[in-house]
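Take a look at the structure below.
In order of appearance the chains are A, B, C, D and E, and numbering begins at 1 in each one.
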Amino acid sequence: MSQIDLALQQDESTSEHAYASRSQWKMMVSRFKKNKRAMVGFWMVVFCVTVALLAPWVAPYDPIEQNMQIMLEGPSLSHPFGTDEFGRDILSRIIHGTQISLMTGIVGVLIAVILGVALGTISGYFGGLADTLIMRIMDIFMAFPSFLLALAIVSVLGPGMINVMIAIGIFSVPTFARLSRSSVISIKDKEYIEAVKAMGGSNLHIIIKHVIPNSIAPIIVLSSMRIATAIITAAGLSFLGMGAQPPTPEWGAMLSTGREYLRVAPHVSTMPGLAIMFLVLGFNMLGDGLRDALDPKMKL
Amino acid sequence: MSMRQTPLVEIRNLKKYYPITKGLLKRTVNHVKAVDGLDFTIYKGETLGLVGESGCGKSTTGRTILQLLQPTEGEVIYEGKNLVGMKPRELRKLRKNMQMVFQDPYASLDPRLTVGEIIAEPMEIHRLYAGKEKDKRVDELLEVVGLSSYHAKRHPHEFSGGQRQRIGIARALALEPQLIVADEPVSALDVSIQSQVINLLQDLQGQFGLTYLFIAHDLSVVKHISDRIGVMYLGRMVELADKHDLYDTPLHPYTQALLSAVPVPDPLAKRERIVLQGDVPSPANPPQGCTFHPRCQACMEICKTQRPKWTEVDGRYVACHLYE
Amino acid sequence: MKPKLLEIKGLKTYFQTEEGVVPAVDGVDIVVYEGETVGIVGESGCGKSVTSLTTMRLTPGKVVAGSISFQERDLLALSDEEMRKVRGNEMAMIFQEPMTSLNPVFTIGQQIGEAIEIHMQYSKQQARARAIDMLKLVGIPRAEQIVDEYPHQLSGGMRQRVMIAMAMSCNPKLLIADEPTTALDVTIQAQILDLMRELKEKHNTAIMMITHDLGVVAEMCDRVIVMYAGKVVEEADVVTLFTNPKHPYTQGLMKSIPRLNGTDERLYSIKGSVPIPGTLRKGCTFAPRCEYATDICRQEIPELNEIEDNHSCRCWLYEAKGEQA
Amino acid sequence: GNNASSGEQPAAEGPKDLVVALGSEPISLDPQDASDGISLHATELIYDKLVTFDKDMNIIPELAKEWSMSEDGKSWTFTLQEGAKFQDGEPVNAEAVKASFDRILDKNNKLKRRSLFADFIESVSVESEYKVTFQLKFQYAPLLATLAHPNGGIHSPKNTAEKGKSVGKSPVGSGPYQFKEWISGEKLVLEANPNYWGEKPKVKSITFKPVVENAARSLMLETGEADVILPIPATDIDRLKNNDQVKVELYPSNRNLYMGMNTQKAPFDNVKVRQALNYAVDKETIVNKIMMGNAKPAEAAISGLTWGYSPVGTYPYDPEKAKQLLAEAGVKPGTTIKLWTPEGRYLMDRQLSEFVQANLQAVGFNVEFRKWEWGAYQEAIDDPNSGYDLFLLSWAVPTNDADWGLRPNFSTEGSNNRTLFSNAELDALIDQGMKTTNEEERKQIYAKALQIIKDEAPWIFLVEMKQPIGVRKNVEGVYGSNTERLILRDADKK
Amino acid sequence: MFAYIVKRLLQVIPTLIGVSILTFFLIHAVPGDPARMIAGPEASAEEVAEVREHLGLDQPLYVQYGKYVSNLLKGDLGVSLRSERPVLDEIMGRFPSTITLTVMAIAVMVVIGLFAGIFSATRPNSLIDNVTMMVSLFGISLPVFWLGLMLILLFSYYLNLLPSGGNDGFSHFILPALALGLSSSAILARLTRSSMLEVINQDFVRTARAKGVKEKLVVYKHTLKNALIPIVTIIGLEFGTLLGGAVLTETVFSINGLGRFIIQSIQFRDYPSIQGSILFVAAIFVIVNLLVDLCYGLVDPRVKYE
């Protein structure tokens, strides 16, 4: 009730041009800020990014220096997350691993966004043969269960994080292409596009100035969620030995090697798993919030 | 009156068919004959109204005239030049002269741009003005449509429907066109706002000597604003006449029914109403002969097989076997 | 005078939104007598639909004040289950968009039959039979086939007929029609309006007709209520309203519509635009657009007063009939 | 045909099935067409050979009662056990032995282990029903050891004639257990051969199950789902040892794990560098911490269990010495070298390589690490130009004879000489060793060879592996041989 | 309808051909030599060459592909290089485990996801809705392989309730199916919720309420049936995710299924097995999605099968 009273007491100044006072962007930001989950996700991601940037300074130990005297020790004051099979400090490794996971997720998705949006836009905007061709090829990619596709690509390219990024990029391309195609299709027949055509704007002008900016919101949302998927997938590939090379402190690889010590030292695989979950959860929550703010009708 | 006799755009046998495709190979199995052979002329300085029921091809007509859609057949002759099949570069130059105002005040403005950017865009495309001059021109245009220069920095969603429609009009005016195709510019507006926009359009016509092709389904609005009115049914024009002639003595049975169906905002008026039976047939497979014949009260045998000719009767046009 | 069927008093329905509280309906009084047609007109967003939905207790908004009495029962006090029995039975509703108001995944027969099964305790077969009868009643050809078809197989006009058949299937006392013809072409609109008029006469159903088309009001209604920004601003019988509108808004509205038989003169236009709900100023909501607005108009909200017999108006220009005396 | 259920056989005492959980499943049950250890665990039960190894790796008679060698050492005659029968009822005679070896030697049969025999066998001939002679191309000292290799199993000639290539799926030998069924990916079941000519089998059937996951195998042994498991991950050994239902035995194996260097490539063409690498690696820690005590440091290029071994000693862990040698060789600190390793092929292989990497970093190298899965790894290290400097690999000697331990790896022409090591003196010694039949003389030759190899250090000598086998307490008669065979012939389940 | 199915099946063919081309050339681009794998590390170069010739791997790629396809058309997926058994036999031997796992995971996903989604959608923005959606976010963020390990640690090692791996019987599949299905169920829950919310605000739901339909029926009859199309679609798509996830799950739980077979085949460079099993999985996936498309017709009469 009190809020309703407040509304009734609004003064003249706000009512003058109430709808003219806030820009769309500000509205989105405020909608995003109001979303508690989104903010928690945002800060989780910010936290991880900070940790990644400051890794050399915040990590208490060298992530690859071995000390066989203290191998497989459980969490303690000096090693809060315990040590691994070479006596390396797991906390320090996780801190350094943040860089790798973030990079993989972001670069992988960036590749997918660039290729996917380009293909999807061409396909959606021009239609016809290009559309049929592109979509058929995407269908072929989609016919692979997604993880298998990434696996196949990495086994061709050989292990290593760069290749994992490429694999993740490629395997996400169809998703982005389809999404951007469908949003381009919904936009290209909008009257404002027609207005630009009527004033003599070229296709390139229309695509760059109107179509892409207006179809990018769902792409941003998908990207942030896809980064989450990418991080998990990369970890999965490393888990199968297709990713990072030792002694790189990649989380999936750490988890995979820790598996051999699951009984004697469960912390070795538990900790990196929690780290993956933390970062992925951050991106998912962020994406969720972005969706609510940018494109509430999107189904993801 | 002399001005009215100078043709600005001549439309000859204009057709627009949308293919209906099927299957994997997108074979064309049929066509939606959205516009199926129109012949008429728009004179300089006049307002030509276009009415008809939903789906009869009004918007398609407007868009094909502006070459936003490639006509299937026919000619659109603008000041002696046929726009159909013209080279894209040449066409782009001519586009300055013809602009469009849209129905949906929400969908016709790019939500990402500011109002100033929206109005400046046509000038940028045609490299008409730059820098300060451009800004000045944007302000001028805003004033012309009854907004203020401080609106230029705002985004479309901050405006009401009527205001957006004004922005759309300002954008259309930016290139100083001769012809404006207005596709249902007031249908989405509230009654009290609708009259503001209609008045604005009329004022601008006087001010800049504009020619309008005014599309609407509300007959009262069309009658109010137009000089001449064309009535469309299922992709074809059935009647074209001076508005007074049309309202006073409609010739085509469809025009008669249409006019009688409009509810009159006067509780005391008692009128004879012709209620048409059935719905408008699908333009994908229109009836043989006169497309209106299944719903027509004056249907004759010939109507079922022969397409009526577009004939001139006392300075007005009608397509009906009754008048051949 | 006929007995009162529905009486809405001081109804206020507010919405809690991200942007704050929106008083969509802000003090509405409406009376509907048995068998009459009441028109509600007003601009988009003035609260017409919310009023009707609140009457059915279907609005997602919150009723913060007022009462709705229907056949002497206070609807707002009924339990959900009791209210459910009123809906579709004694009180039915049809909506503006015939395209989206029917469930795409059930047949016409199932959808009409559902209400019949619920309220009249018919068996499936009986309900189906009645559904066919109803379809015939609303003038649908091939009713026996149509009953088994799905909404997407029907044209807009037919769907609206189906909606009407559904609403009428349990012989309601009150039919609320929220812009029943706005989405239709004029020739189809004429068909539907004729049908409603016919049904109303046959069954003596009262109709609450919501529209923004004054032409439709003039043709269909016995009494008219004009709403502006969540409030009723004028109420009169149809002839009075059209011949002698009192409220400046109603007057402006009448003058601003182009007429088929009118002249080519410039149209009158009400300056400014409809206020966005939730951004209220003090005083009369119409004051910023009103030619006659005075200081008091900007300070205080006028009451809805009966200024003549059966003619009420919410405006400082007029005084209540009683006080005048 | 014969059936397990026919007659009152000792094996039919009760429904005893011995479940053996292994890391993967057999590939082929044709002993001449299988090169993987798992397949051979099974063929060992199905087939008899002419001779075999006993528990202590002595060569003892199996199908051959006795044998003799000609003067020139190029002709060997074997006298067969009489009365032995194949599982399909065919008699085991000289014809069968000849047929079996002719099959291997025939190039057209494309059997995987052809080279093992074809290099030195000229021909096989029948002397009489139970006498068969092998004519050799040259005097070949390790002949008996080679015939004792499981790849020397004798087939029923009738079966090979009928089945052709698919013998590997429906094998018939003369061993104590015969093939029953094989559901790919799930299990292979062998049942007792009721007509076995030798000591009767003690359990009714033996089931091999592929259980890839180390932890899962251990768990199966603990719950009794499996009676025998192999291998056991080092991390589980202690726990299993404390389980009173279970016995864990570490059988010495003649497999040596080493890290090869590309000796043609700088700086590894310098013997000081090669020695420095050997000094840099802490083998004790590898054994104690990484292998958790389940191995021992290698003291020569072949394992102490292999015939012909003599200990030439390990390089002690001495990083300072390593640095000094590197400095002498002119290797600058920070030199980048590439270390490649398989993962999951050998017990703790990746961990071991990671540890070596750290050791080498400690003496100033910058070690680029690359972990491969086994498939790609094999091809990659086949080609010395594919870029590696160091690679982890192991060598086991199935004949248990030094010849097969050294010749492929260290002779210039050796089939597996991935280090590209070449030393004329060594080549001569190896050739000599192969052709000398006097055991004492041979031993001397190999001692010299091993010393040269140690000094030249084409490998970083790492560890001798052990084979941990886990058995339920109620199971007896199971052991692992030096050649890494799981011997189940005498297995009994109480 | 029948014609439609035939047509769709025909449409599947080019996709599968594309898949076969893609896998064929992808796989052959993988470094590694199956001949070497078969011959073993101790074999000499000549032996390896011999094996290569024997397997026909010495021929040009396009010839190999041509042979592969012509055999494929005869329903012959070739013979595994490693086991020398028909690839189809190898696949069929392992497929039951994988499909059991996948179907059980689908069951986990549908039971948990659908229920949670509907539950949330009917109480939008309530505390319980927020909690459910938060939990589902956690679910989506869990890596399958880690969840699997944790389940093993908890249920097998600590509680000793369920087996940690293997595939002999129902109980062996419980943990893997949970690990695999849980994150998909979270996705389904979210999608169900948003589709339900979208539908629940539509005009026809209001119409149903205006008729006096009971709230339960409004939700389960009028709303759910309309929300079903995206739900069914996601179930079809998740089927693919689950098949892919089976690779990881089978690894963690030592299930001898198709996923592991693919990994092992990749490691062994067993070309026919890799191609065969990937094609097989893709075909299953494509067919499942065809079934999903056919389900649309049951769910929504507007879907026409021309």
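As a convention for this text, contacts are C-beta pairs under 8 Å (C-beta built on N, C-alpha and C of every residue); 3 or more make two chains touch, one makes a residue touch a chain.
The structure presented is a predicted model; accordingly, all values stated were derived computationally and were not measured.
Following the contact convention of this document, A, C is the list of chains adjacent to both chain B and chain E.
For chain B, the chain with the farthest CA centroid is D.
Note on chain placement: the centre of chain A and the centre of chain B lie 47 Å apart, centres being C-alpha means.
Taking each chain's centre as the mean of its C-alpha atoms, chain B lies 89 Å from chain D. Centres computed as Cα averages put chain D at a distance of 40 Å from chain E.
Each of residues 19, 158, 259, 262-263 in chain A touches at least two other chains.
Residue numbers of chain E whose C-beta contacts span two or more other chains: 30-31, 152, 251-252, 266. Listed for chain B are residues 160, each touching two or more other chains. Looking at the complex, you find that chain B touches chain A at residues 26, 63, 66, 68, 91-93, 95-96, 98-100, 102-104, 107-112, 121-122, 125-126, 154-155, 157-160, 168, 171, 174-175. Every residue of chain E that touches chain D in the complex is listed here, in rising order: 30-33, 36-45, 47, 50-51, 54, 82-85, 89-90, 93-94, 152, 156, 163-167, 251-254, 256, 260-261, 264, 266-269. On chain A, the positions that touch chain B within their shared complex are 17, 19-24, 132, 190-192, 194-201, 205, 209-210, 213-214. Within the complex, the chain C residues that touch chain E are 53, 56, 58, 80, 84-89, 92-93, 95, 97, 100-107, 111, 114-115, 118-119, 150, 152, 163, 166. Across the complex, chain A is touched by residues 14-16, 18-19, 22-23, 26-27, 29-31, 130, 133-134, 137-138, 140-146, 149-150, 152-153, 157, 190-191, 194-195, 198, 230, 240-245, 247-248, 251-252, 262-263, 266, 278, 281-282, 285-286 of chain E.
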